[in-house]
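Pasting in a structure now, in structure tokens, and then I'll have a few things to ask.
For reference, chains read A, B, C and D in written order, and residue numbers begin at 1 within each chain.
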Amino acid sequence: MIIVLNNATKQEDVDSFVEKLHSDGLQTHISAGEHTTIIGLVGDTSRLDIGTIQALPFVEDVKRISEPYKAANRKFHPMDTIVDISGKTKIGEGTFSVIAGPCSVETEEQMTEVARDVKASGATLLRGGAFKPRTSPYSFQGLEGRGLELLLLAKKEVGLPVVTEIMDINTLDMFADVDVIQVGARNMQNFNLLKELGKCDKPILLKRGLANTIQEWLMSAEYIMAGGNNNVILCERGIRTFETKTRNTLDISAVPMLKKLTHLPVIVDPSHATGLSWMVPTLAKTAVPAGADGIMVEVHNDPAKAWCDGDQSLDPKQFDDLMKDLKKRVEFEGKKIV
Amino acid sequence: MIIVLNNATKQEDVDSFVEKLHSDGLQTHISAGEHTTIIGLVGDTSRLDIGTIQALPFVEDVKRISEPYKAANRKFHPMDTIVDISGKTKIGEGTFSVIAGPCSVETEEQMTEVARDVKASGATLLRGGAFKPRTSPYSFQGLEGRGLELLLLAKKEVGLPVVTEIMDINTLDMFADVDVIQVGARNMQNFNLLKELGKCDKPILLKRGLANTIQEWLMSAEYIMAGGNNNVILCERGIRTFETKTRNTLDISAVPMLKKLTHLPVIVDPSHATGLSWMVPTLAKTAVPAGADGIMVEVHNDPAKAWCDGDQSLDPKQFDDLMKDLKKRVEFEGKKIV
Amino acid sequence: MIIVLNNATKQEDVDSFVEKLHSDGLQTHISAGEHTTIIGLVGDTSRLDIGTIQALPFVEDVKRISEPYKAANRKFHPMDTIVDISGKTKIGEGTFSVIAGPCSVETEEQMTEVARDVKASGATLLRGGAFKPRTSPYSFQGLEGRGLELLLLAKKEVGLPVVTEIMDINTLDMFADVDVIQVGARNMQNFNLLKELGKCDKPILLKRGLANTIQEWLMSAEYIMAGGNNNVILCERGIRTFETKTRNTLDISAVPMLKKLTHLPVIVDPSHATGLSWMVPTLAKTAVPAGADGIMVEVHNDPAKAWCDGDQSLDPKQFDDLMKDLKKRVEFEGKKIV
Amino acid sequence: MIIVLNNATKQEDVDSFVEKLHSDGLQTHISAGEHTTIIGLVGDTSRLDIGTIQALPFVEDVKRISEPYKAANRKFHPMDTIVDISGKTKIGEGTFSVIAGPCSVETEEQMTEVARDVKASGATLLRGGAFKPRTSPYSFQGLEGRGLELLLLAKKEVGLPVVTEIMDINTLDMFADVDVIQVGARNMQNFNLLKELGKCDKPILLKRGLANTIQEWLMSAEYIMAGGNNNVILCERGIRTFETKTRNTLDISAVPMLKKLTHLPVIVDPSHATGLSWMVPTLAKTAVPAGADGIMVEVHNDPAKAWCDGDQSLDPKQFDDLMKDLKKRVEFEGKKIV
């Protein structure tokens, strides 16, 4: 950490501040310039509160040099994390995972039909929303408990592990047979939820918040990992920008950046990133050379009758075409969809 | 609502679509142009899913004309909502409320001392954080239950109604003696929390999310109001932009915009908006002519020793100076701080 | 175009407004609802000033349905535009173009050496900056006229057509032997420059502005095309967002979106998009499945000694490795780098 | 400046790098930690290219501590700059200036009528656009030379100094009798234009770019000042964010931030900031306590017939009401409108 003092600071203030830092177990290196004095801090600064240091009247600026995340940091854990999904598949071991299914579970027929379709096309995990975060209280909020039951029925039917979103920690018991618990974009900084999920041992798929930085995202992963659960999968799903032609802006560069900063697997959600079904296959294809460990795609048996987000769902035929194409692309990279 | 069809749409598709809309109780008006056909919808469109309509192969665009919020909409409720705070003060009745106190409750001495100070300077409500949403799991997370106790002790001591943040609906019982429950920026779209708070009758101070639009914010208010709780106070606290000199960018124009769109009271939080204590008084002053119903300001008895966010806290002397100045400004507008 | 009137509008105001629209050669279709009246306009609305209509006291909202660009619009020009580059290569004819070279021209040796290297690796056009837009007046501003000479010397030496940026229309004469004139991000809305370039017949590479929407970008292309020059190539180079880990955020979804909206060729600049040389190859690879017609990459013979932007330049070996890899990817798509 | 080296750097690389820095006249202070080594640089680093240093293989990060602007920096020039406007008024001397007039000059009658009206209401400068930067080539582009003539006629008639925008340096001769030359938001980084304006001695009103940081804005002021022209007035006019209810988001905190960082006068343009005439008076009022040296407001004699931007123009009666109100507010601050 670097602390910049203004040049009018009295020597006694500098001295007592430095003494305080030493008593916190930190080493200091001082560079005195004409207009500013720089204190370089060496040691574990992750517990120092930047705001409080900045409140000191003689401090001009504080800059953190080391990343504030530890468990998620590739520097301290150079090996890739491989997340085992109920012994049925793995995410992050050099393969390309495909999570597919409807935005929301609607009926037994719909869920099972889509499950069979995506399984037949080669998806490796099944998704389906039971608890739906909706901007409007008047929109369909998901089938909730009944939705989970239908999703688990489909799981039984086709044998794929399932991913579904949790919105309230009080419903955790209902997720016993769910294979991967998703934390949605709007809950990325619901710290109480993250803490509780850190205590369970299920894989957690953590979506990036609408307008959260990569660093904040890794800090949210750190919340889960600090509780003891290292099975975190990061999911880039587009960020909020000034552009309005697409619902969000897919931050494709987040994939290689995360691969550098962390050892956790990274997947891409092209459906939410664009909100436009015709663009989903193209964005899915870019995820492959970007280095993603997989994608999550919305598939609905009849998008124009979907109870929500039909505009971003592929139909089973479109998904099957995409899978055939992706298979070749993934092989081009020397990987497999399994 | 306006639905734009592309010019290649078959007449039979248009006809059956229009029939479907009529069966939903909506009236349609059709304008056929050279390149597009426009369907104007009249009636209650708040339950229509835009995404699903957009998924129709012949639909080019869908635009909502009427606002999707009803309870929060000034059009349907032209009179200002006045929120009564435990019979001790009111927010939104043409007065200017000042909520002041420390970012986080630290000790009994600190909390009580700050409470006495802000009361003496004329604050109308006391704030203090017990449950603290922090980006890092390694940062101080608040004194939690003990923090609430200390805040309520201070309330007893000075007699000001208190505002404090809830992070988990399971702790609601602990808020029995709290006068205003705050929903933080990161929970603005924690819809389960909003739904539950809609069932209680306490005033809710709803902060704007980091990167949420005014419309999304009003939809979150609508979640609370749809549950029966109309005592919602909106708090603008800065939005996330590309500018890095300030922590956030205070969207001062949100105040007059909200005053036009909704009947709910609006307050401004200059402390979080800027993150810089020296700028807090200036921004607080701009809230007055902007038409805000009050402000929420962080005050700490010793900012440089604060356990968090010391850089944005005023000390009691600075707060007292601000209050003396604000009093005159508020009187200039023909209002009072009470 | 859709015009929304508030429900308190007097019939006589509606009538005289509608009459005025008719006199402008437009047809109107009126939908009268409970709270609002909607006027659908059919005809050429591209000359109507939205702001002035919005100023009418009874107008609540105005929404444009048809795109305001004509010459650049794929609807009216379904065939792809192919830009011929001095008879030596073409951009947009189903091939993949690679523009490579240093950020800035520094010396004859540097420019010629890089030119030979990128030619040998298979680049199809050579770039090099002579006039450099720099944030600081104290930074190196480019060799200007002398830089153009050195770039043209390198062109002569290796035989590749050259791309270089213009900053001032008064220097246009100096670009006589330049094959493609680049308009930089900061000049994307320098409308006088665009108008003048519309009068020449050279291909124009138009970079997207830092924070410009796709629609504004197409309107800037329209400025050039309205002058008679249809040889416009669009270059996505990253947009400004809240994320700070990368210099900009590559908007990869802009590529398929532009392919839908316009017939103009689209290339991607991964160097400026990220500002990090190690990430450039990964982003270059994503441009291929995104559907781009090529890329523009910075290559320097000794990045750590570059006079500017060394951090985003590849060295010749890294570029050669990238080209070998890209060749296979482009072939995978059934295209060629020529 | 702080340079962070990764911990794998060889001592010989560190040594030769440090030697190079010393040869550039800089002093270095080294802090060696467990994971990183920090070099603190003291001396004039404004000419160092951050990108090139970052390209060094052993450099992890480079952070600038001192601001890269000198002439505009309050640290080196603590006294406020007062810009004299043709001996008729001054901007920045503790008064509050009001620049008013139509978005664009349309006819002699319109321009003169508005000029008389705003003069009568107490405006201190007159504005009127002759060269208009418009997003669409099909929109009205301003009366250009004829517009300047009409503006100067109005100046003669009412005696107020005039402000008008330049778009092309080749038209500079036509601005001989113009008192303040405006650089529009889209030209804030048109560096050639800034350099040329640095050579003239007229006051320059420099608008903030759509998505430019405060630091970039000050660097653009520095371009003008580096040429010898210190008469720069900064104008905040709203920035581009994700919010769509207002055309832009007024960054009111930019005013106090600029007052801290620079000695140049700062004015606020509430008309462009919001794009909504009904909100203009409210935002104008917030500029006063924010500490602005004035405002620039669009006034049109008949907004609903304006040739552009009618939706953000006040009519003369609305402007007069605003001026009466502002006069009292300015006096409240101990200032005057002169």
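Going forward, a contact is a pair of C-beta atoms (placed from the backbone, for glycine too) under 8 Å apart; a residue touches a chain by one contact, two chains touch by 3 or more.
The structure presented is a predicted model; accordingly, all values stated were derived computationally and were not measured.
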| item | value |
| --- | --- |
| Farthest chain (mean CA position) relative to chain B | C |
| A-C compared against C-D, more contacting pairs | C-D |
| Inter-centroid spacing, chain D versus chain A (mean Cα positions, whole Å) | 39 |
| Centre distance in Å when chain A and chain C are each reduced to the mean of their C-alpha atoms | 31 |
| Between chain D and chain C, distance of the C-alpha-averaged centres to the nearest whole Å | 26 |
| Junction residues of chain B - those touching two or more other chains | 211, 240-242, 244 |
| Residues of chain D defined as touching chain C within the complex | 46-47, 49-52, 54-57, 68, 133-141, 167-170, 186-187, 189-192, 195, 209-212, 216, 219, 222-223, 226, 240, 275, 277, 303-313 |
| Residue ranges of chain C touching chain A (in the complex, touch as defined) | 211, 213-215, 239, 241-246, 249-257, 260, 273-274, 278-279, 282-283, 285-286, 288-291, 328-329, 332 |
| Residues of chain D touching chain A in the complex | 2, 4, 27, 29-36, 38, 40, 42-43, 61, 63, 65-66, 75, 211, 240-242, 244 |
